[in-house]
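Chain nomenclature is as follows: A, B, C, D, E and F, assigned in order of appearance, with residue numbering initiated at 1 for each chain independently.
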Amino acid sequence: MIAPLPRHVVDDLIRRTLDEDLGAVGDLTSRAAIPADRTSRATVVARAAGTIAGAGIAASVFHAVDPAIEVHIAHDDGEQVDAGTVVLRLHGPTRSLLTAERSALNLLGHASGIATATRTAVDATAGHRARIVDTRKTTPGLRALEKYAVRCGGGTNHRTGLFDAVMLKDNHLAASDSIASAVAAVRADVGHTVHVEVEVDRLDQLDDALAAGADSVLLDNFSPEHLRLAVERTAGRAILEASGGITPDTVTAVAASGVDVISLGWITHSAPRLDVALDLEPG
Amino acid sequence: MIAPLPRHVVDDLIRRTLDEDLGAVGDLTSRAAIPADRTSRATVVARAAGTIAGAGIAASVFHAVDPAIEVHIAHDDGEQVDAGTVVLRLHGPTRSLLTAERSALNLLGHASGIATATRTAVDATAGHRARIVDTRKTTPGLRALEKYAVRCGGGTNHRTGLFDAVMLKDNHLAASDSIASAVAAVRADVGHTVHVEVEVDRLDQLDDALAAGADSVLLDNFSPEHLRLAVERTAGRAILEASGGITPDTVTAVAASGVDVISLGWITHSAPRLDVALDLEPG
Amino acid sequence: MIAPLPRHVVDDLIRRTLDEDLGAVGDLTSRAAIPADRTSRATVVARAAGTIAGAGIAASVFHAVDPAIEVHIAHDDGEQVDAGTVVLRLHGPTRSLLTAERSALNLLGHASGIATATRTAVDATAGHRARIVDTRKTTPGLRALEKYAVRCGGGTNHRTGLFDAVMLKDNHLAASDSIASAVAAVRADVGHTVHVEVEVDRLDQLDDALAAGADSVLLDNFSPEHLRLAVERTAGRAILEASGGITPDTVTAVAASGVDVISLGWITHSAPRLDVALDLEPG
Amino acid sequence: MIAPLPRHVVDDLIRRTLDEDLGAVGDLTSRAAIPADRTSRATVVARAAGTIAGAGIAASVFHAVDPAIEVHIAHDDGEQVDAGTVVLRLHGPTRSLLTAERSALNLLGHASGIATATRTAVDATAGHRARIVDTRKTTPGLRALEKYAVRCGGGTNHRTGLFDAVMLKDNHLAASDSIASAVAAVRADVGHTVHVEVEVDRLDQLDDALAAGADSVLLDNFSPEHLRLAVERTAGRAILEASGGITPDTVTAVAASGVDVISLGWITHSAPRLDVALDLEPG
Amino acid sequence: MIAPLPRHVVDDLIRRTLDEDLGAVGDLTSRAAIPADRTSRATVVARAAGTIAGAGIAASVFHAVDPAIEVHIAHDDGEQVDAGTVVLRLHGPTRSLLTAERSALNLLGHASGIATATRTAVDATAGHRARIVDTRKTTPGLRALEKYAVRCGGGTNHRTGLFDAVMLKDNHLAASDSIASAVAAVRADVGHTVHVEVEVDRLDQLDDALAAGADSVLLDNFSPEHLRLAVERTAGRAILEASGGITPDTVTAVAASGVDVISLGWITHSAPRLDVALDLEPG
Amino acid sequence: MIAPLPRHVVDDLIRRTLDEDLGAVGDLTSRAAIPADRTSRATVVARAAGTIAGAGIAASVFHAVDPAIEVHIAHDDGEQVDAGTVVLRLHGPTRSLLTAERSALNLLGHASGIATATRTAVDATAGHRARIVDTRKTTPGLRALEKYAVRCGGGTNHRTGLFDAVMLKDNHLAASDSIASAVAAVRADVGHTVHVEVEVDRLDQLDDALAAGADSVLLDNFSPEHLRLAVERTAGRAILEASGGITPDTVTAVAASGVDVISLGWITHSAPRLDVALDLEPG
């Protein structure tokens, strides 16, 4: 089971999502067209194959709209489903089910889209030591959800933000005499639990980064061949991360180089949503 | 010029975005690696061709991080740019530029991705009366931004949420004796400024919807041929919206049917981001 | 049954109301003067005849202060009551009942005052086609509650704000060559679900508004006679709204003109509160 | 000059007010009908005689919508104006002036209505020692503004809420053996800066309250004659407050009794708004 | 039993505290190292003798993290405990217990530290009329909690802030002709429930303050002897507060002077936390 | 110069602090006793020797209350000052200076108290390799400020919360077969930038932690002698942190053992505030 996000984070996300769709007024259509006492059964169904993320959050959306809605999670986060699979089974006031529908589906579809994209990359690199990780190229306001979705897809999280790990990029290095002095300056400033990663463009910089004692090195836009050389040269002295324009088509070759970590921006910033829908029946 | 979002909406969005990336601690790397008094020039550049949305918002991100950063908007929202085009020119403390970079790019890239997708559909339907509109299948927390981005791409907005227009779908209609009685119930309940749209699956339902006095009718998953028949039969008595699985490949044929409105979910829920980046130089 | 406001809207309203009265400290008097374990029965009673709005919200105030308070709603929103009628029956810790009292009464009295004023106008126009609607002249921070109260009084809601319908007033029209060009500019900009209303001062402008294809026309400060002429001339081509200084004394004559909609500012901005009080008895 | 509310209180109030009217979308009409670069002069005018409250807050609303709007306050809070008096003079982008108009007027009209009602009562009691004060019967969410408006009208504020003074009412007293023991229990619990007021219904209770050392006594629904007796009997040993159903017609007689304080609920819960409007002219 | 803080105040405090420790990500360690279905028994234990404040709040922290945690309060707020005393008994998911631990302990330890410091001063002045009160020298963001903790320690609260009582200090008096005119100006401005205290440095100012009709007088940095003279001279005409650098060592002598109130800044701004810890056992 | 906290973090902190002291009403005393147009010069002065933290934040408090106040920072964060040193020089409206005084001083005094305590420990360990770090035993709601203050005092920050590093304590280890399996489980779950620290009570556990590949080991309550043995045995294979009841008296001996990091709870949870005050003079 994937450990859930903190409750207050989920509550806020749901609150914001409902506020966008309901405003201060609510659901004009359902209140006028559906009798207040009508109840229904409903299912949330995946219309395409994919990996689920956000089932529990979608369930909470229905509860937030109306505590009288009962929800059963048929397939929980991290599970892979085929097209047509029922993810949630619901029962409650018809009005409330319809009022919550779009908010719940938008959250579930967005998160599951990311989980599905991540899973594709994870599967494409099976058998290699490399772990698939996300980046900070996330959708504004949704970083916690998206990083959670990456975990649901079998990936691992890179740093959360600028505040929980150091990444020395070219612009930072340009302000120092050398990689060594940049790493030293950072080590002197940050606490002992802060990981220091150095981004390099060329193999010779890798040597400097290793000599400087970087905890990990990001190899930016290296060809699979250069990645392999880097792995060889590093010999375990640091964690090696491949990054830069890696696609589903190239990720297997990258993994074959023996790197430890492969970071992919598109799994968060450009993954299409998983198609999910709500089917209603009387009851 | 595209009319901007209300200031408090933008301020909130920026606040949330920065909070995700900076947390309560800030940018560990820049504070350690970059001297406090160093300044730089920088540009935000489109790495691919597309339509800009969010240039002013990105500029405000830099200001929010540090009011000392000066920003010039070279290409504003709604403008189409080629790969390599400079969108923003910046000057200010290097630390602050790097701290704001990812938040600004994520907002600009996300919004411009949607504007670019919208523009593709708008261009593909040029010469036809149909307007390209969005749906409520938006990214949670970003509906206002995404609907704004649709406008930047030349599209128009469908209703904002459940609170500002009525859309009677099959689940609503199932609770009534007829389309006529459903429309009547809604008209009796909502104010005179509320638009009433009815979703139909088949041509014969269209007649009912028109007879019921719907302001507009959503033709769900109609073939181009059936759309043409619907246009003919309606003869201007209601606004006709084509919807359901319309893609960049099929949108021209749909438009050729003569419908008034084409709604596309993918421009908001699955558009890939526009690749934008920050280039720094001393100064 | 009047469809309730979204839960998060009500929760916020209650939170703000309690915060004003309790501050960070709470109820100094009750905590010192009432033993913690004392319980009471109490009733919330209307001291004057009127229409109830906010009974459920008042009930939620008591729950928010203390979940141990049990509440029974004797007369729900939309019901007309005489002086002396019990609206809520309560049982729970005496301290908590007294702490919640004023917040609950202020919400109930304010909303019921608006419902009562609305009901007066609705009753005064019975038998005519005109619907009584509110305006944007609402009390700051309470628009959602007040528009809900108008519905409880038998009225209907005009647009919620500047964001959900277009109203072209003289200042907007002054910026255009003609009503026709103003309406055309607006139609080109807004989505197909956005209603376009035009405000006119004189009968000849009505013709222009109709010709421009306005969905509705607001007839500002028209005499009943001119309203009748306008109804005749329009012949159903647009919805006609009478507005401007209409009072309880004049509203019947206005309705007799045959207009579709009558908007009244005073039902929200100047309605006196309905007198409601809490009576406590041991138990 | 009336001391203004704390800046963060005003900012919140304005933020909430604008959010209601603009939503996440903004002003559909002005953005479509008014060119972005058009500017105007405008005045905010009182359409009826009254006392101003909220002029500075209304000015801040315009600034919050658009910092480019210049505002001159012609008549500030506390000033009495005739019908037709210009309160604010404005200059700036026409779009922004129209977008801010209703929010600014609603705040100004609401607060000035309360100031005007207060001033009526203050004037009706001129020459007497009694001060006109408000109650906790305020509009939910607006207590700070309304108490400020009372000060603008020449009134004084009763306690802000349950947290800043003690008021022992019949329900509190019923939980004690005597007024004396209730006052003693409260004094033992609250700090030395907390004022203790006791509400009494009959003259004989007044003696008990005075003997108990109450700082002030609220004489509930006393006739003017009984009030006079109470004043005589008290002889300055406590502050005397007259309360309960006092109207503009009866307030002078009440004041003539010689009480120190007269509290009026209707100045906050039922005062009609002062009619204020915005006049626009090119420029 | 000490009356608890308002629920919304406690909820906010807990929310902020958890947000600091969990961020948007949660507890990395427990989610990886503890199986999701493992449960434990745990106790929160005082490691030193002291007075409890915040037991109920700590209990609510555990509930906020996971409603499945059951909590029994063994020693409630206001109780004095020895080292080794169990304050809370808990049972629930091990992960959740560990996730909530630090937030709960920080709140309990901080509040109990203040209660313990207050209790020391209260005990040191037993038998004297003086009450121990707090000041506005509280920890930013925690005033409500800290003033509550003072009550738990047997102390009483001075004013909450600048808004609920008047304190004329030397800087205020310097702006007036005399203490008399300053008091008169204040009385004319504030409501009748507002207590007016005057701070004086010398005995002769005390006479002025008494003559001006101050409700209480703060004697700043008076020696015990001068305090005694002040008590004598005042003869009950005003409440007398001793303040200024009073320590646990000097507080008894100050109380012996016969003053009514002794205010101590260190009980809120410099009290060390009470050492509290969580002990876990399987179950 | 110490890198400041993110602007939105500081703004929130100030907002919360002012809200506590001003409420919705403001400063009753200054508004009544000080003429609106009076201005003054003022200084914020350290009344005791110490290390400054929060000078810029205190300056921002004055600006937040009134932008018309000019502030000059004479001694900035991280500087050591003697008793009597002027930290801030201010000029502006007297009312506003007095209204902001307590909020500004509370923030400055609290943060500087922590910086001063930290500096004491840093100075006591000068010449040794050990760095002084904080813990998560911080004051609720103030973690960001307090960790910043630790940096101002020459210390370094341990992890911010549960979300940015792993710390395996006895309760976590008890859920695993061995330290090795616990570390392995964590490594598999968290990203490559997450530091893994293991807490041990005995020397033999240290060997297990080192063998498990912990990045650092917390030696809980080790005597200086055992610390020395641990340093020897570890020989640089992991970072060693001494923790547990270390006081100003024992910290030098601990540092002499050669550990890398010494964590101290009391610098955040029990440091007394630095005495700071505001002196006003006409001008």
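Here, a residue touches a chain if its C-beta (ideal position, glycine included) is under 8 Å from a C-beta of that chain, and two chains touch if they have at least 3 such contacts.
As the structure is a prediction and not an experimental result, all values here were calculated from the model.
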item	value
Neighbouring chains shared between chain A and chain F, ordered by label	B, C, D, E
Chain B onto chain D, rotation angle from CA fit, given as a multiple of 5 degrees	120
Residue-number overlap at the chain C/chain E interface, same or different (half cut)	different
Remotest chain, chain B as reference, centres from CA atoms	E
Computed distance of Cα centres, chain F from chain E, in Å	22
CA centroid of chain B to CA centroid of chain F, Å	44
Interface hub residues of chain C, defined as touching at least two other chains	20, 22-26, 31, 143-144, 160, 163-165, 189-190, 194
Residue ranges of chain E touching chain C (in the complex, touch as defined)	1, 3-9, 143-144, 147, 157, 160
Touching residues (chain side chain D, partner chain C) in the complex	13, 16-17, 20-35, 38, 94, 98-99, 102-103, 105-107, 109-110, 113, 136-145, 160-169, 171-176, 182, 185-186, 188-190, 194, 266, 269-270, 272-273, 280, 282
List of chain C residues in touch with chain B within their complex	131, 133, 156-160, 163-165, 189-195, 197, 215-216, 239, 241, 260-261
Residue ranges of chain A touching chain D (in the complex, touch as defined)	20, 23-24
Complex contacts: residues of chain E adjacent to chain A	15, 18-19, 22-26, 31, 36, 64-66, 95
